[in-house]
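Reviewing the structure listed below.
We call the chains A, B, C and D, going by the order they appear; numbering starts again at 1 in every chain.
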Amino acid sequence: MEDFERRVRASFAQQRFMETLGATIHVSSAGKVEIEFAFHPTLTQQNGFVHAGAITSILDSACGYAALSVAPEGCDVLSAEFKVNLLAPAVGERFVARANVKRAGKTLIVCAADCFARKGADEKIVATMLGTIMALAPK
Amino acid sequence: MEDFERRVRASFAQQRFMETLGATIHVSSAGKVEIEFAFHPTLTQQNGFVHAGAITSILDSACGYAALSVAPEGCDVLSAEFKVNLLAPAVGERFVARANVKRAGKTLIVCAADCFARKGADEKIVATMLGTIMALAPK
Amino acid sequence: MEDFERRVRASFAQQRFMETLGATIHVSSAGKVEIEFAFHPTLTQQNGFVHAGAITSILDSACGYAALSVAPEGCDVLSAEFKVNLLAPAVGERFVARANVKRAGKTLIVCAADCFARKGADEKIVATMLGTIMALAPK
Amino acid sequence: MEDFERRVRASFAQQRFMETLGATIHVSSAGKVEIEFAFHPTLTQQNGFVHAGAITSILDSACGYAALSVAPEGCDVLSAEFKVNLLAPAVGERFVARANVKRAGKTLIVCAADCFARKGADEKIVATMLGTIMALAPK
């Protein structure tokens, strides 16, 4: 396991909210992270679709960890802001957020992420995020 | 209870994800909605702060219900997009999102919301949302 | 010339602000539009870089015309909202915004666009937009 | 004239693009800035409304200068990102962007701004911005 993957996995394991969502992480390579969860009725909004907030949660964590995977050793990351477009109702069996680093500056790392709903072999985009992550130097 | 309040409460009661977060709603007046939850360790990120996704969830629902409270009877609402700035670590005993309608068009309703962390009598802003909600005419 | 290209060019020709910026348009295919201008001192901010507002203007028009190129005949389009991340100082000889349609719904069309600064054969990303365009049915 | 006002005015005078738009600045107090321009046909989009990019330009500069007015002496500011909602067609005689600081951190300053269209004594909101400005320490 690469160093950046170890760092990402260690931090993810401490995100209790990811556990609440039933989410798991996959680090493809430096700057590329996937987080997914299975549909569960406890995650829904009034129409039975997955709530935009649950979708946003894995988009945000995926962006944060994509940023962390390229940040200097010992840095922590903090989301400064993000914007989400909800493109289709979040209906499916599994939901996977895929993030990548768009530009890594010294202080700010800009990431983009898409969230897909899976049903069997089908995959459909349901949301997209553009966000800014701040890298915090080790104290 | 006003008609708009009845509509908002009926829809909120069906948002299972709000129950997962332990959230409750308060409709102050047409176009003004508050949603809050208490701190709980199952909602945290790696530093023990409340996860940005949980904060976003109540900001988003508050905006959606602020929009619903001014939409014509029988309409449903759907978040089209939102942007969140995270202003301070979400540390506190309770978290309250307060939304209001910035402009209500026929199809699109723009809402703004702030989220505050409460500790005893203190209140501090931790996040702010600017979002667009789509009003769907009854079928 | 395809129908969608004719529509886009006709509308672009009426955008006086694009003329003010010295901008020209290129429609690659349905859903893909480029708008560019050359550096000019009248477009700068305090450090001599091109102003974020000028960059945003071509990103926004490029997104709008990408949307128009896929909208039904006779529709007009209106930007509902956009978010821009400024990734690097806008320094270069030419600036080109490239937009594409991310998802076209009946009412809302979500577009993404990147802006690149060119210097000779070099090209470098300086900004990125994620925006929502509304399609207005012909009256 | 206060120190912060002197700094803001000196920087604004160097923004050639503001001159292109015919814009003027007014610093009400630390953290509060207004920038306005008069309608001119060279600023329009296809329907004769003022282009969203021109509106965004004064919203962005107003946010930047609101941030500069509260930043430590000697700092420069740079827009990191912003989001704009276009609330109504930009029709009017004058357009005024009013920005204020929502939260000033050490590195990031979050600002909000509204743009109003004036016609005689009437004033109507046409756009709103939520943006993040980075404070750059003097070299």
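In the analysis below, contacts are C-beta pairs under 8 Å (C-beta built on N, C-alpha and C of every residue); 3 or more make two chains touch, one makes a residue touch a chain.
The model shown is predicted, which means the values in this text are computed figures rather than measured ones.
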Maximum distance between Cα centroids and chain D occurs for chain A
Please work out which of B-D and B-C is bridged by more C-beta pairs in contact, and write that pair. B-D
Counting in whole Å, what is the centre-to-centre distance of chain B and chain C, each centre being its mean C-alpha position? 33
Please compute the C-alpha centroid of chain A, do the same for chain B, then give the distance between them in whole Å. 21
Length of the line joining the C-alpha centres of chain B and chain D, rounded to whole Å: 28
Where in chain A do residues touch at least two different other chains? 80-81, 83, 85, 110, 132
Name, in rising order, each residue of chain B that touches chain D in their complex. 83, 85, 87-88, 102-103, 105, 110, 112, 125, 128, 130, 132
Report the residues of chain A in contact with chain D in the complex, numbered from low to high. 80-81, 83, 107-108, 110, 132, 134
Interface residues, chain B side, partner chain A - complex: 11-12, 14-20, 41-47, 50-54, 56-58, 60-61, 76, 78-86, 89
